[in-house]
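Chains: A, B, C and D, in written order; residue numbering restarts at 1 for each.
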Amino acid sequence: MVYYTALGSYEPILRIADGDTVLTTTVSYDGRDASDQQVTPGGTNPLTGPFYVEDAKPGDTLAIHFDKLWPSRRLGRSFTVLAPNVVDPRYVREMPPRHPGLVAEWELDLKNGTATLIKPDTMLGQLTLPLKPMLGCFGVAPPNGQAISSATSGAYGGNMDYNGFVTGVTVYFPVFVSGGLLFLGDGHALQGDGEIAGSGIEVSFDVRFTVKLLKDKKINWPRAENEEYILTIGNARPLDQALQHATTEMVKWLQEDFALDARTIHILLGQCVEYDVGNVFDPAYTMVCKLNKTLLPSKK
Amino acid sequence: MVYYTALGSYEPILRIADGDTVLTTTVSYDGRDASDQQVTPGGTNPLTGPFYVEDAKPGDTLAIHFDKLWPSRRLGRSFTVLAPNVVDPRYVREMPPRHPGLVAEWELDLKNGTATLIKPDTMLGQLTLPLKPMLGCFGVAPPNGQAISSATSGAYGGNMDYNGFVTGVTVYFPVFVSGGLLFLGDGHALQGDGEIAGSGIEVSFDVRFTVKLLKDKKINWPRAENEEYILTIGNARPLDQALQHATTEMVKWLQEDFALDARTIHILLGQCVEYDVGNVFDPAYTMVCKLNKTLLPSKK
Amino acid sequence: MVYYTALGSYEPILRIADGDTVLTTTVSYDGRDASDQQVTPGGTNPLTGPFYVEDAKPGDTLAIHFDKLWPSRRLGRSFTVLAPNVVDPRYVREMPPRHPGLVAEWELDLKNGTATLIKPDTMLGQLTLPLKPMLGCFGVAPPNGQAISSATSGAYGGNMDYNGFVTGVTVYFPVFVSGGLLFLGDGHALQGDGEIAGSGIEVSFDVRFTVKLLKDKKINWPRAENEEYILTIGNARPLDQALQHATTEMVKWLQEDFALDARTIHILLGQCVEYDVGNVFDPAYTMVCKLNKTLLPSKK
Amino acid sequence: MVYYTALGSYEPILRIADGDTVLTTTVSYDGRDASDQQVTPGGTNPLTGPFYVEDAKPGDTLAIHFDKLWPSRRLGRSFTVLAPNVVDPRYVREMPPRHPGLVAEWELDLKNGTATLIKPDTMLGQLTLPLKPMLGCFGVAPPNGQAISSATSGAYGGNMDYNGFVTGVTVYFPVFVSGGLLFLGDGHALQGDGEIAGSGIEVSFDVRFTVKLLKDKKINWPRAENEEYILTIGNARPLDQALQHATTEMVKWLQEDFALDARTIHILLGQCVEYDVGNVFDPAYTMVCKLNKTLLPSKK
């Protein structure tokens, strides 16, 4: 099986249709599968896909509902040093040395939903954390014949590393090419905000998702919703620019789908908007703009 | 009574001591008091203070516990247009016109803790939101003889506009000058993340706070704690740099007060850190780095 | 003839070898040729190429010497409104309206080397400027199977829009794929620093260039030299990050090729470095780091 | 004599009037005078001043012409390691160690106008560079009762560290307080672009300047002119924002003083603007926007 390390207009591995549910698997960022076997070169988020969605055309929107995201093996790995770009430049010299081979290992209890640090020893004693399984990198083929590394992100999605992309969330992407061409990978058993150590707890995943095709529905940046919130995602550097993209997309969403005028939207967002920080590690940073659904009128 | 619009080494209005509790009031950003009377020129956060804390010296830390933060009048005001720096540059042309005189008005129900938009009419019908009273601007005199506008922020605090600074929170500031010289103001009945419309629901406040002096305790950026979290605050532009300051200060806090080694801290923060966005409107932006207290060992 | 609007691993249009000189042409950003005929869809810098350089392998460096860069027609076009991202966000509302169809037209005197504004009328009377013909977008195929839009730039080159890339300059690119795969386009008869109106004076070009292959010579970012300077180029946002890339690459160049130790380099650059601003309009900004050749020891 | 390390509304050391020429001296950043004696605590640019200009009122503009800027002693000092914020975060770990006490020393030949590195030894042999004496930090008292450290900069000037501020240049500042209150200091015998090692060749200076008061002339950011150019200066982080301030101020200058319409200005700047990088070391970065005087119509 082939895993791509870029999102582009590659040969589909499966053709699916509006409403279809897909069960698939992803390898961890380092190319290891559910048996922890190296099945593809690692290091840059090998992705499963692309999935071609019948009848998806540029100008449509593709909705991906995550029915279930769950680790498929008991061993997860994470990096052990913060990225030099998330700390004060003057502090970088004081950081612990970075041994490329040194990774932390976590034992995942997939039944009870916990991760326990088994290596290296730390001063915290036994560290057990609740799982919050998420996909770090997924999206569609970008426009204009491009193929863009799964290390970064953009309007087409990609490596957003947002820990809110969990089971139950629906994510919307603009369709830029025929079939949309959906890719998924880079599962994290859990991850702190920002992915500031350069990794979550990296592990292979079982994924069940359902696609829906919204014809003639144009969006500019990824959107999402969960039970509580509608969300928009901006990917850029600096974080200020990612926030600008996400905020502007939220304004447009409220204008288009909820028929609110600009004045209403500006007043509402001013006092009610929330932001989450996606990754601040990858070439493009990710900011998430959120609005609680209780504040929304019914859709027009 | 004099209200300063800069944090600097001004004549104290009161001398207080370690452990003292102070009841005071603040005017709203526009210089209006609890009777909505203009008592001082407005527009740039007139501040109450400075309070001189006996025995506070450079190299100490001043802890401010907010015993109670609550609006002192029933009329709040907010701006009605998003700041041009929080949206895509290309979208700025499409924004609703900005009338300097046009502010939204909110009726505050101080007993039940709600704010209801009374002007202008919006497409949302009656909009009633729960209060979450906070102070937007507070801090100490900066070092080096400086006096810095209450419109911005830095290592000394200032206009951070973080909606997590509510009743029950303790905030720690580095002491840069004798007495520390504490200032407070810019109360918001509630505020969305980022203060993206350039204001919260601005109102005068009643404030009760208790100071504690930590002798010979040196910190570099504001720190805080509430029941659930310890927090560090970075103020700078771009947001990336604010995040660097806050993250580095969190690393140092864990090293100094919890006697954790760097490797433990990096692993812990990598998978457990959380970020909140303070303001993205003022000259300096604010990022808050958080760690859940359940993850901490007991203090050394 | 096909023109690509992304730099990627496409079928070469010509195979050339170390030392070869190539005469070719480029269309203007809008897909128009030397007869001002639309020969390919425009708007995103259609590029000539790719040229496959025999024996070029990842880990080598490709040197492109511009023997001659010159406009091939007498009509150039430029945009007439500054980009909203180069002015204060609050000023954007005051800018002149943007009519997508409205472009300025310039009459190029290719013999005497001048451009004269012929449309629209301005308050400057006749505006005649000396030509400084440059290529805005050129580079090699990026690594990892990527194909990246000719609207942006990176370590592989791309849309750098630096007005120092003129006749007589040699530019060095890292080779990421077999053959290197060189692309060129987006000629400007002249351009202000930063390309702040979103265009230079856009025109088709005649190009004569000579390639040289530096085997087993690894660089990280584009480098260049002209008679006076050695130059390194960083592409990223914000400009601060582009400057970091360019400065670091200059340090490494001086270490590797001139056998200077780090201390010497830091002292030298501190008092002698120069910077030029490339584009501040495209998705990635460009900063150029320069050192005068008179300051260099002979190559090791 | 007192030297301030902040620009604020301090007691004037001299009252001068429109047209007056002043001969004065400045100490080097480390508080040393022409005899290399420590006369004031150093480290943060002790400044000479303030000079009160009779009749200067908020809303006026103060013009400072540098008749002569020249080092007043033969020993200059510079730092020997690049600032960690001007290189790639990953490169910081590789930089030479930073010994706070280690500074380079330069012998200044004040007659022939050269600086020769005398310590430490480098791999360059004898390094002799032409002097280009400039002031790094000067400006007026900021508005609103503020006093801001001479380590940073803003609309009032301050620590801009632009190597174009040399003899013969006229710099214009907005007047924010009565008398304007001019400060000067931080002389550099020469300095690379960006002040990327955190210093120029730091030395005490003899300064002769002439002030001119432009009544009822309001500007927003520092402006300047030399024989060839008009210049505007933006101070902020990131560099992108400094560029926005400088560019917007240039647009306004051309509108107000040269009576050009917006369309003319945008077309002209698009193809003719030039940028210089001021400091990229201090808390606020500095970008300079330039337009060649040959392109200007006569003043209205």
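The working rule: a residue touches a chain if its C-beta (ideal position, glycine included) is under 8 Å from a C-beta of that chain, and two chains touch if they have at least 3 such contacts.
Bear in mind that the values here come from a model prediction, so they are computed numbers and not experimental data.
Chemist: Sort the other chains by how far their Cα centres are from that of chain A and give me the top one.
Modeler: Farthest chain from chain A, going by C-alpha centroids: D.
Chemist: Mind checking chain A against chain D and telling me if their interface is mostly the same residue numbers on each side, over half, or mostly different?
Modeler: Chain A vs chain D: same; shared/all numbers exceeds half.
Chemist: Express in whole angstrom the distance between the two chain centres, defined as the mean CA positions of chain A and chain B.
Modeler: Those two chain centres are 31 Å apart.
Chemist: Go ahead and note the Å separation of the Cα centroids belonging to chain A and chain D.
Modeler: Here chain A and chain D have centroids separated by 46 Å.
Chemist: Please set out, as single numbers or ranges, the residues of chain A touching at least two other chains.
Modeler: 85, 89, 95, 237-238
Chemist: Any idea which chain C residues touch chain B in the complex?
Modeler: Residues of chain C touching chain B: 83-85, 89-90, 92-93, 95, 98, 238.
Chemist: In the complex, go through chain B and note every residue touching chain D.
Modeler: My answer: residues 4-6, 8, 44, 144-149, 236-238, 241.
Chemist: Would you tell me which residues of chain D are touching chain C in their complex?
Modeler: Residues of chain D touching chain C: 78-82, 85-89, 91, 94-96, 104, 117, 120, 122-125, 127, 129, 190-201, 237-240, 243-245, 247-248, 251, 259-264, 266-275, 277, 280, 285, 295, 297.
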